[in-house]
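In the two complexes that follow, chain A is the common piece, with chain B as its partner first and chain C second.
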Partner chain A sequence: MLLGVLFSGGKDSVYACRRAMETGTVSCLITVVSENPDSYMFHTPNVAWANLIAEAVGIPQLTWPTLGEEEEELADLSDAIAAAVDLYGIEGVVTGAIESVYQAVRVQRICRDLDLWCYNPLWQIDQLEYLRLLVSEGFEVIITGVFAYPLDEAWVGARIDSRLIGELEALRDRYAINPSGEGGEIETFVLDGPIFKKRIEILRAEKTYENYRGRFLIEEARLVDK
Partner chain B sequence: MILVVDLCSSPGSLSKYEFVDPIAGILRRAGSIYEVVHFTDLSNDPIEGADRIILCGTALKDDLYARRIELFSWIKDLDKPLLGICAGMQVISRVFGGEIVPRPKIGLNGIDIVKETDLLGPPRRIEGYHLHNSGVTLPPGFEIVAGRPGEVEAFKHSERPIYGIIFHPEVRNRWIVERFVSIR
Partner chain C sequence: MGKRKKIAERVTALMDKPDKIRNIGIVAHIDHGKTTLSDNLLAGAGMISMELAGKQLFMDFDPLEQARGITIDSANVSMVHEFKGEEYLINMIDTPGHVDFGGDVTRAMRAVDGAVVVVDAVEGAMPQTETVLRQALKENVHPVLFVNKVDRLLNELKVDKQEMQLRLGKLIDNINKLIRGMNEEKYKAGWKVDAAEGSVAFGSALYNWAISVPQMKSTGIGFGEVYDYCQIGDMKTLAERCPLYVAVNDMVIRFLPSPIKAQKERVGVIWHGDRSSKLYKSMESCDPAGPIAFMVTDISVDPHAGEVATGRLFSGTLERGMELSISGVAKPNRVQQTGIFMGADRIEVEKIPAGNIAAVTGLRDAFVGSTVSSDRDATPFEDIKHVSEPVVTVAVEAKNTRDLPKLVEVLRQVAKEDPTLNININEETGEHLMAGMGELHLEIVAYRIQRDKGVEITTSPPIVVYRESIGGKTSGAVEGKSPNHHNRFYIEIEPLLPEVVDAIKAGEVSMKMEELERRNILISKGMDKEESRNISGIFESNIFINMTKGVQYLRETMELMLEGFVEATKNGPICREPVQGVKAKLIDVKLHEDAIHRGPAQVIPAVRQAVQAGILMANPTLLEPFQNVFIQVPQEQMGGAMSEIQGRRGMILSMETEGDMIIIKAKAPVSELFGFAGAIRGATEGRSLWSTEFAGFEPIPPAAMVETVRQIRGRKGLKTEMPKPSDYLKA
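Entry: the complex of A and B
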């Protein structure tokens, strides 16, 4: 089956893509670029760099703009998926949704209306087990956004490894933070992994941080041989 | 051992992560021993060796299970606890003489539990995650546990511990699977 993966460059869409590649053919990565930094549906930090990941994994990318206003962005997502059907012949859509019923329901409805299969291969996955899986399989994931107390400046740009997963586990127990950031606490970007033919090297980035809200904004990056 | 039956269209499908693994995860965290088998690979051994059986759901567009209903004839004489989730409930309904009917529903909705059972507890309203194109009619010998005749949310065989629920307990209602583990 030919599949299109809803793709932001964050760990969930990248790992969903990996699982999709194991059982089907991923024909394209669908990236909706939102002009609203607080989009309800779409991961925004560094999404402009998702094209580098597409190139690194060797899958065509379809980008689609949206103003990112609640509900209207769903029409834009539907248009993007319909375009992927026309251009790449996809028969199914893959998402990286884990717990978000809000996102999952909306994508399911769009797929039903377009008569497409819908797959959520990370659905309800144990978040700590998932983070350990990412690390053990060799994904290099950095934190590009923090949006919750008590995540301090040190988290911005940090790489997800065993030590950091241990800290996220402690924060989950004490502050009810979702370890994989499904509640919007953290956002990520993937630099390398087993599906990457090349890895991403960040040459320049800017960090911002204030009152438990921080971003790691990539300003210059390139692909390098592994 | 709990037998978890994968109803997705092919063994090892991408949908298995979404509809089977979350149920297996609940059982694993509850400390239960389980085995996952695809419905086209079922033989007498895992069925006879199981203490209880769960039939999992499938993706919206997946209806192969409904076209291979003869593979589930073993359910008719089953004398151990059985839980059918969404597609699994549809299978139970068909095997016992009910029908699978078009009744699409996607999202979180209120569910009225109307009869006390070991599985769902006393009558009250809960919220459940629905993801289906088809619902069921009540088969002979079953009673409605949640919902109403035109919209059966949960049913139970009147004499045996055979249950069906049309919503997905892996989303916000994991307690239902945990309760099923201890049903006699």
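Entry: the complex of A and C
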């Protein structure tokens, strides 16, 4: 079965892609680029660099713009998926949704209307176990955005490893933070992993942080041989 | 010990006869002789020897108390007294008089139905006499009067017979004036004290004698005889012919109500639940077969049995093994032992019926003020309100690093035992903050941490606790965004009316009362009807109001919003001092429909920041605590005392001449009063008597605000400039 993965470059879409590659053939990565930094649907920081990952894993990427207005952005998503059907003949859509009902339901509806299979390989996975899996399988993931109390500046740009997973676990117990960021607490970018033929090297980046909102904005990056 | 065991048996025999029980407190201004009086009563009951009474200070069983000659904690004792051929059980609580320990007095008042107000015959009614009397009346606790140190009138002031009676009459008039001023209704309903009726006794606790008008016939001792015996210095005969404990205990039994009578009147004052409920009816009738209703007024630690919760049982019968619910705690606790107190000793008894003061172990989750009940959904008792607020803070550190974990544990423990103490634990820095009612209060707590708990500590010099408030309101709503920007809260900040703030501080309005009752009180204090109807939370003297209508998911999010509001009011935006008198109105909300996008990590900071920014937009002010200072000083030393006050930004409120003494009433900021004890002693050659009481918070002069803010922020390691609203709203 030919599949298209909704792809932002964050850990969930990259890992969903890996799972999808075990189930069928991933023929394209669909990236919706939102102009609204506070989009309800789409991952925003660093999505412009998702093309490097697409190149690293060797799968064609389809990018589609949206203004990112609440609900209206869904029509853009639908258009993007329809384009993927036309160009790559996909029969199913893969998402990295874990618990966000809001996002999952909306993708599900679009797929139903387009008569496509909607596959959520990570749906309801234990978030901490999932993070540990990422690390043990060799994914190199950095945090490119924090949007929750009491996450501080030190989280911005940090690498997800077992120590950081322990801290997330403590924050989950104390502040009900979703360890994998399903409530919009954390956004990530993947630099390397088992499906990567090359890895990504960040040459220059800018950090911002104010009142529990921090970003790690990649300014220059390249692919290097492994 | 055999003797005391026998008393315990007599006590238990009376415990289930509520008409034969009197629960009383002894209250007074410092040094007017409460503890000496209590000892006397104990001696009368055969618990200590008569010779030792007056010297032993049995109730002050803490060595520190005995060394300083003052009472710090409330101590409890149960004793038996015979009146007109029948035995009565008197459960007595001795309370501290120093203003720094006012919290204990307030708590003790909840447990008792009557109070013996002790007043020094020479000094008359003093500031704390007024404070304790007010506390008693507020809790619906009936007063009787004991005029102590009558011998001083004769020996020190050398008054004649007629003058003595005149002076005593004037003293009683003064007390009645106070009662009348505090509560006219009660005064008219017979709460005034009356020497002819017998609700006043006169005597000397030190010399173990006392008289009252009704007893003059049987003892043959009147004022004339007292005068004569005092003239020749024969106190011993006086003590034999009219022993103090008989006069006072008889007065207690005659004039102070039994639990049956008292609970009928009191329960409605201290409990605001449903009056048609089984619990209310059972408490009102003091029913030992009803559901348990137990109010904890004291927590102490027994090295063997653990924490002991002492309090008043209003309904039901306490027995070992009972599973009881504690207000605000999900899991029930099991009663391990039930007992009564005899000074420092706790004596175990099988069961304790309604109307008694009980000491219970096993209630691990209880703290002072907890309501304990067999009914899981019982409405809790009204909070015990303290007249004073913690206004002074010291930082506490462990001397040895290995004591660090132990210190945290000990601080949690002392906070549980003393609810007037505010402990702020900071495990990151190891510098913990301890706020109390005064310099002395904190000194004593620090001393106890070292001596009783065995942790060596160092304390910083005391600093004052400020309050943040506002003088104006925000123009329109402030938008608070959650960190993920998917939730928005629109909040207006306005000052609360002073009448409303006072009502909250006095405990007249709380979230525990029925909505309608609360609304009516708030409206009567001048609050808008619509606002009064929509109160979501009251914290300290701040109110959160929900003015939105029909917003989806709001109910499930409200708790988090309130948490954000509490955080903002605990740590105000100006310099992280507590906020008071602020009303936050939620005007509109936008919530993400997906629950995981609006968890605590999103909602709490959004609301907190909106409130903090709002306060800064509403003409923020900084308030500092004041104390009233009462100084009694000989005329020739008056100048020294006056300049001590004036040099401390103090204001003289009044000066009265009393014999050759001057009584100065003044008011000064607490920040200027550190070290006052030593200074006034020096300035008046040690010839002044003084006391202080909390006098509320007042704005600091605008000119001093910037500098004070800079100092406080600097001390807390914050950026020293006064913050701007945008600092809280950025991103």
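Note that in this section the second predicted complex is superposed on the first by the 226 of 226 C-alpha atoms of A that agree within 3 Å, B and C clash if a C-alpha of one lies under 4 Å from a C-alpha of the other, contacts with A are read in each partner's own complex, and residues count from 1 in each chain.
Rule of thumb we're sticking to: contacts are C-beta pairs under 8 Å (C-beta built on N, C-alpha and C of every residue); 3 or more make two chains touch, one makes a residue touch a chain.
In this text the structure is predicted, and so the values were computed from the model without any measurement.
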Combined model on chain A where chain B meets chain C, clash or fit: fit
Contacts of A:210 with chain B and chain C, given as first, second, both or neither: second
Partner chain(s) touched by A:56 [first = chain B, second = chain C, both, neither]: neither
Contacts of A:109 with chain B and chain C, given as first, second, both or neither: first
Chain B versus chain C as contact partner of A:101, first or second or both or neither: both
Contacts of A:160 with chain B and chain C, given as first, second, both or neither: neither
First (chain B), second (chain C), both or neither touched by A:177: second
Chain B versus chain C as contact partner of A:200, first or second or both or neither: neither
Angle at chain A between chain B and chain C, C-alpha centres, nearest 10 degrees: 80
Chain B versus chain C as contact partner of A:23, first or second or both or neither: first
Partner chain(s) touched by A:120 [first = chain B, second = chain C, both, neither]: first
Minimum C-alpha spacing, chains overlaid - chain B and chain C, in Å: 10
Touching both chain B and chain C, residues of chain A: 101
Chain A-facing residues of chain B, complex: 12-15, 17-18, 21-22, 25, 29, 59-62, 104, 106-108, 129, 131, 133, 170-172
Partner chain B, residues of chain A touching it in the complex: 19-20, 22-24, 94, 101, 105, 108-109, 111-112, 115-126
Chain A residues within the chain C interface of the complex: 37-38, 40, 99-103, 146-151, 171, 175-178, 182-185, 210-213
Sites on chain C touched by chain A in the complex: 482-486, 592-594, 596-602, 604-605, 609, 728-731
